[in-house]
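One chain, subunit A, links the two complexes that follow: it is found with subunit B in the first and with subunit C in the second.
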Partner chain A sequence: MTIVQILVNGLLLGAFYALIGVGFSLVWGVTNILNLAHGAIALLGAYITFYMFQNWHIDPFLTIPVSFIATFLFGYALQRYVMNRIVKAQILMLLILTFGLEIFLVNFMTTFFSADFRSVTPVYAGNSLMLGDIVIPYIRLAVFGICVILCVSMGIFLDKTWRGKAIKATSLDIEAAMMTGISPAKIYALTFALGSGLAGVCGTLLTLTQSFSPNIAGGLTLRAFIVSILGGLGRIEGALIGGLLLGVLETSSSYFIGESYKNAIAFGLMVIVLIVKPSGLMGRKYYAEVKH
Partner chain B sequence: MKTKKNIILLIIFFAILMVLPYIISGYWLRVLTQTFLFGAIATGSNIIIGYTGYPAFGNIAFFGVGAYVTGVLMTKYGMSFFYTLPFCALSGIILATLLGIPILRLKGHYFAIATVGVMETIREIIDNLTELTGGGLGLTLPIMQGDPAHIYKFFYYAMLACMVFALLVSFIISKIKFGYALRAIKVDEDAASVMGINTPLYKTFAWALSAGLVGISGGIYAYWLSYIDPNTVFVNSYSVKMFAMILLGGAGTVIGPIFGAFILELISEIIWSKFIAIHGMVLGLLIIFIILFLPKGIFETFRGGFSFKKLLTNLRENSL
Partner chain C sequence: MFRKTIIFILCLLLAPVLTYAADEIWFGAALSLTGKLAKEGNLVKNGYELWKETVNKKGGIKINGKAYIVNIKIYDDESDPNRGAKLVEKLVTEDKIKLILGPYGSESVFATSAITEKYGALMVQGGAAADKLYSRGFKNLFGIYTVATDYMNDTLEMLKNKNPKPQTVAIVYSNDLFSAQVAQGAKVSAEKLGYKVVFYQDYPKGTQDLSTVIVQIKAKKPDIILGCGHFQDTIIIIKQAKDYKVNPKAIAFSVGPTLPDFVDSLKADSEYVLGSAQWTQTLKYKDQVFGSNQAFVKAYKAKYNEDPNYHSAGGTSAGVIFQRAIEKAGTKDDIDKIREALYNFNEETLYGRIKFDKTGKVIGKGMPVIQIQKGTQKTVYPEDVAELKVVYPKPQWK
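Right after this comes the complex of A and B.
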């Protein structure tokens, strides 16, 4: 395998990591909640796509809106009616709460959807684009495109729309935001819903590129975390760069050092970045961090 | 007067635990042994989490390392069980000291996740050291010789001793200057530093002590289970359980984590036997409800009597 191929594979994987990191990082940056159930929520989207494909043969790409809306509503209800009840307690409480949620969701999926590894293979799964020696499967290219488009539109939403600006305002100064008529409870719910919705889309895209089971939820969450750490909290462009970096690092380390050390290297890198530069490689304090 | 009464109650409690193995069935012996295990882990971790206020979410890493220290020393070097335990403690202390210097500079979420990262990294490393640890195939420890009933009792008392030892360490810390320094760090680290407390040293020492205690419980667990692999000793849900126990009983109290362990472990055992298929889901919901309704811990909430009103007040107090 040539270096260029490894790099391409890494970038294709990285866009996916960026998308899973964006939602996570946004929630963390705005509400100061580390959502340990992020990966499990993504898998909900994956199972929606899987069952729609299996039962009705609906093209996986067409189920993106369905998983987005389903996980969006789930996230909204969760934040509005459960998590908002405990927001003012110590931050650790929310960490444990989301871990409780993760245990619940993973076991729910294991019980009702079984612990088997599943995958979705539409007819066009094997087709690839050939550029000289470099092979790029069309599906991965499409996934890459969708991830980048969603990340960019998320950035535009935050910068240009009223609700997006309200999210940013709430994260910077909750009291001042309330004075301008923003309801923090609703903004928190919207933020969490957006994060969950993006996770749901990630789940759908995941079914196309790899096989999955409820047990991979933790791995997805940790990758989302690494991306947020690399990129800095609540920053769209940071998540994009962090995701691509993680993707390239993972692909190249599993090629050069060995597949079995892939996770250890990713986690090790995260710990080192945390120690050396806790505000992320992209580096400045942002959003909720200002307060704490 | 009140502490004297509490101590007498505690002595009666432990006296009952001492004679229980001769009365109850093998099943409950196993359940109680498991409860003591969590009591020891929670009490040990409480030193860094409750006293010092550093959320060491991945403290189970030291549990796993302790289990592997006992496993490797017994199988590869033919060491007898009791002699491996000091090495379990030592492995935790050394690891926590080395990691503590860089990682304890982090705060809140960052520290919590760094400890998870450390745990996952150690798990992966042990998984890959196939020659020493058996990797994913696991490690089979020598099985204890003798009558099963005797073996059950042996592990019951060993685990009880481990929990009592952790409790004693925790109690002594709470009474000496070191413990007050840790609480000062929890309240305001900068102020503690200004007052002349060498905060990095104290924090690292607190973490090392907690890691040592958790390491010993890992060693006993490995011998009890007699088969370990990375997935059975580096368990994320143990971290959550441990945390939930500390919070339920009251973080920073001496006896709280043990009460938390008893309540949560016994409840989850009952759930386990009643709803085998959905046990995990119920456990997840249970943790969510504990956090929602008892964020201050069960004793703090119900000081001066039980009432549903207090639960609802808790719910309203932290709402946005």
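Right after this comes the complex of A and C.
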């Protein structure tokens, strides 16, 4: 029975990883920017939720739109007025820029919100669905649902709407996209904004199940990175599968091998994927081509 | 006129030297007043200064009927143990001070005590809990913090004879040096007290998810869960224990419940969780300098306008113990006699009853156990100096 519980835990955790990975993967796949500040942007969402809960007792789930919009606008402005200026530069420059941004955001949050670990505990925390011996905490179930819904809607957005198609077109062939009247600057900004917005939502969901401080930003980015590699860049279904896979892998490896080895195993898997199938499990030669 | 001015200036310059020669005892300390340990370092300094002020108000340290005023020379080590070591060297060799009060933090004590050992100076420290400090064969270092491997002894001792009697213990710990030592000690102590350790596992430092560990613990149905880790881990363990309906008779942590943030973060879920503390404000110990622990707390609040914590109390206690040893030795200069007095020390202080073993490590002081009751940390053990009775077994999660 324990093993079923552990698989369930893995899936619940995995959906969260998927959501943190989707935004990162999209940005990487479309704009070729490895956004090292992704985790820090997620934490902005977490602090928004924390403060609305602390000061006005607003339910964390209700603050999802707020953190989405706030980080969306932040991401849009950032890409439109900062990143776009150097997006054609070498990958190293972009890495330095996003790394600098990460340091700035982490220090900003440390200054304003302190380095203390925070956690949000609404009254209904700890209630669980019981299926025989299997326990499924309602909060984790809700987080799972929201993550899956957001990942799927993101996929629909990319496939069905004009802007979504424009994002895919830009990613596929930037020159051809420009010829059809798409402005890459705006599309890049939109992509980065969506990525940041999804990260912001992740931050909100994070407050419900974990404790956080500005210092965990790097760990979140790392998870997003692994999910993107596993799933294949820029692919929504890839991120979803990569996330779930990572979640199940973490929980089951910590059960069978030992909790202390779970990070090593996640990295190991990433390296194997990079060697065997560098485009990721779901990757086709589609989004992640080198464009420069 | 010119000559008079010269003489006047000379007098001014000589004044400090002349005072220095008066009836005084000088102590030295290199503390983290800036840098990453500045917060704790300054708390220890507050403790030292309160001790100095209190002793001097009472006329100073009395040696064979004669009173000596206490002075402390404090340098800032900038939270760098190497700098701390250099400063202690300066204290001993240039300032000629052989009575050294300890810095804060195991690394700093490790580095500076090597210097005091080398020059035959004495150090009494109330700021470090690592076991390794006492395994180097030093004879000039005395520490009053209960060491890491003894952290959970009192919690286990307290729970031993409760009703219904707990039989099994699950121990989880973060895989850093300090937490691993706490866990190791807890395991040995649990087995010695007749518990069965049914789960013993580490997890990576800074982990964000412990659901697998919690599920595994649940399968073992332990009576007691001991968590040896850091503040954020305690939050995750409590949250997930509630999520997965793990209901042991007691949950105890080495670090976490003593911090005010613990209750802020967990709200009602923090109720009845146990924690180990080096010292608490409410312990009813007597003290030869302050009168009692309560009197110390009052004096501290009056001087600094805030509650003392175990860092400050550790600083003050180090001073008190040094003072009592000097008074008993009947000398301020003979290091051998003072050391002997420290080895034979057996007195109740505001920090508890202090005795040292041959390595200079405090023995039998114990860790007071606190329990969150109605949103505040209450001392529940040792029973004779506790505020409230412990609530056991812990009620199930609501």
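FYI, the second predicted complex is superposed on the first by the 286 of 292 C-alpha atoms of A that agree within 3 Å, B and C clash if a C-alpha of one lies under 4 Å from a C-alpha of the other, contacts with A are read in each partner's own complex, and residues count from 1 in each chain.
The rule is simple: contacts are C-beta pairs under 8 Å (C-beta built on N, C-alpha and C of every residue); 3 or more make two chains touch, one makes a residue touch a chain.
Keep in mind the model is a prediction, meaning the values are calculated, not measured.
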Item to complete: Could you tell me if A:250 is touching subunit B, subunit C, both of them or neither one (first, second, both, neither)?
Response: second
Worksheet item: Taking the superposition as given, does A:260 touch the first partner, subunit B, the second, subunit C, both, or neither?
Response: both
Fill in: Touching partner for A:11 - first (subunit B), second (subunit C), both, neither
neither
Item to complete: Check the residue A:268 against both partner chains and state whether it touches subunit B (first), subunit C (second), both, or neither.
Response: first
Practice prompt. Using the superposition described at the top, determine whether subunit B or subunit C touches more residues of subunit A.
Written response: B
Item to complete: Could you tell me if A:142 is touching subunit B, subunit C, both of them or neither one (first, second, both, neither)?
Response: neither
Practice prompt. Tell me which partner A:58 touches in the superposition: subunit B (first), subunit C (second), both or neither.
Written response: neither
Discussion item. According to the stated criteria, A:210 is in contact with first (subunit B), second (subunit C), both, or neither; which is it?
Written reply: second
Worksheet item: Taking the contacts subunit A makes with subunit B in one complex and with subunit C in the other, which residues are shared?
Response: 260, 263
Worksheet item: In their complex, what parts of subunit B are in touch with subunit A?
Response: 55, 57, 102-103, 105-106, 108-110, 112-114, 116-118, 120-121, 124-125, 127-128, 236-237, 240, 243-244, 247, 277-281, 283-288, 291-292, 295, 315, 317-320
Worksheet item: Inside the complex, what are the residues of subunit C that reach subunit A?
Response: 175, 201-204, 206-213, 215-216, 219, 231-232, 235-236, 239, 242-245, 261, 265-267, 269, 397-398
Worksheet entry | Partner subunit B, residues of subunit A touching it in the complex | 28, 32, 34, 82, 84-97, 99-108, 110-111, 184-185, 188, 218, 222, 225, 229, 260-261, 263-264, 267-268, 270-271, 274-275, 278, 292
Worksheet item: Can you list the subunit A residues touching subunit C in their complex?
Response: 2, 5-6, 9, 12-13, 116-119, 121, 125-126, 128, 130, 135, 137, 139-140, 209-211, 213, 216, 219, 250-252, 254-255, 258-260, 262-263
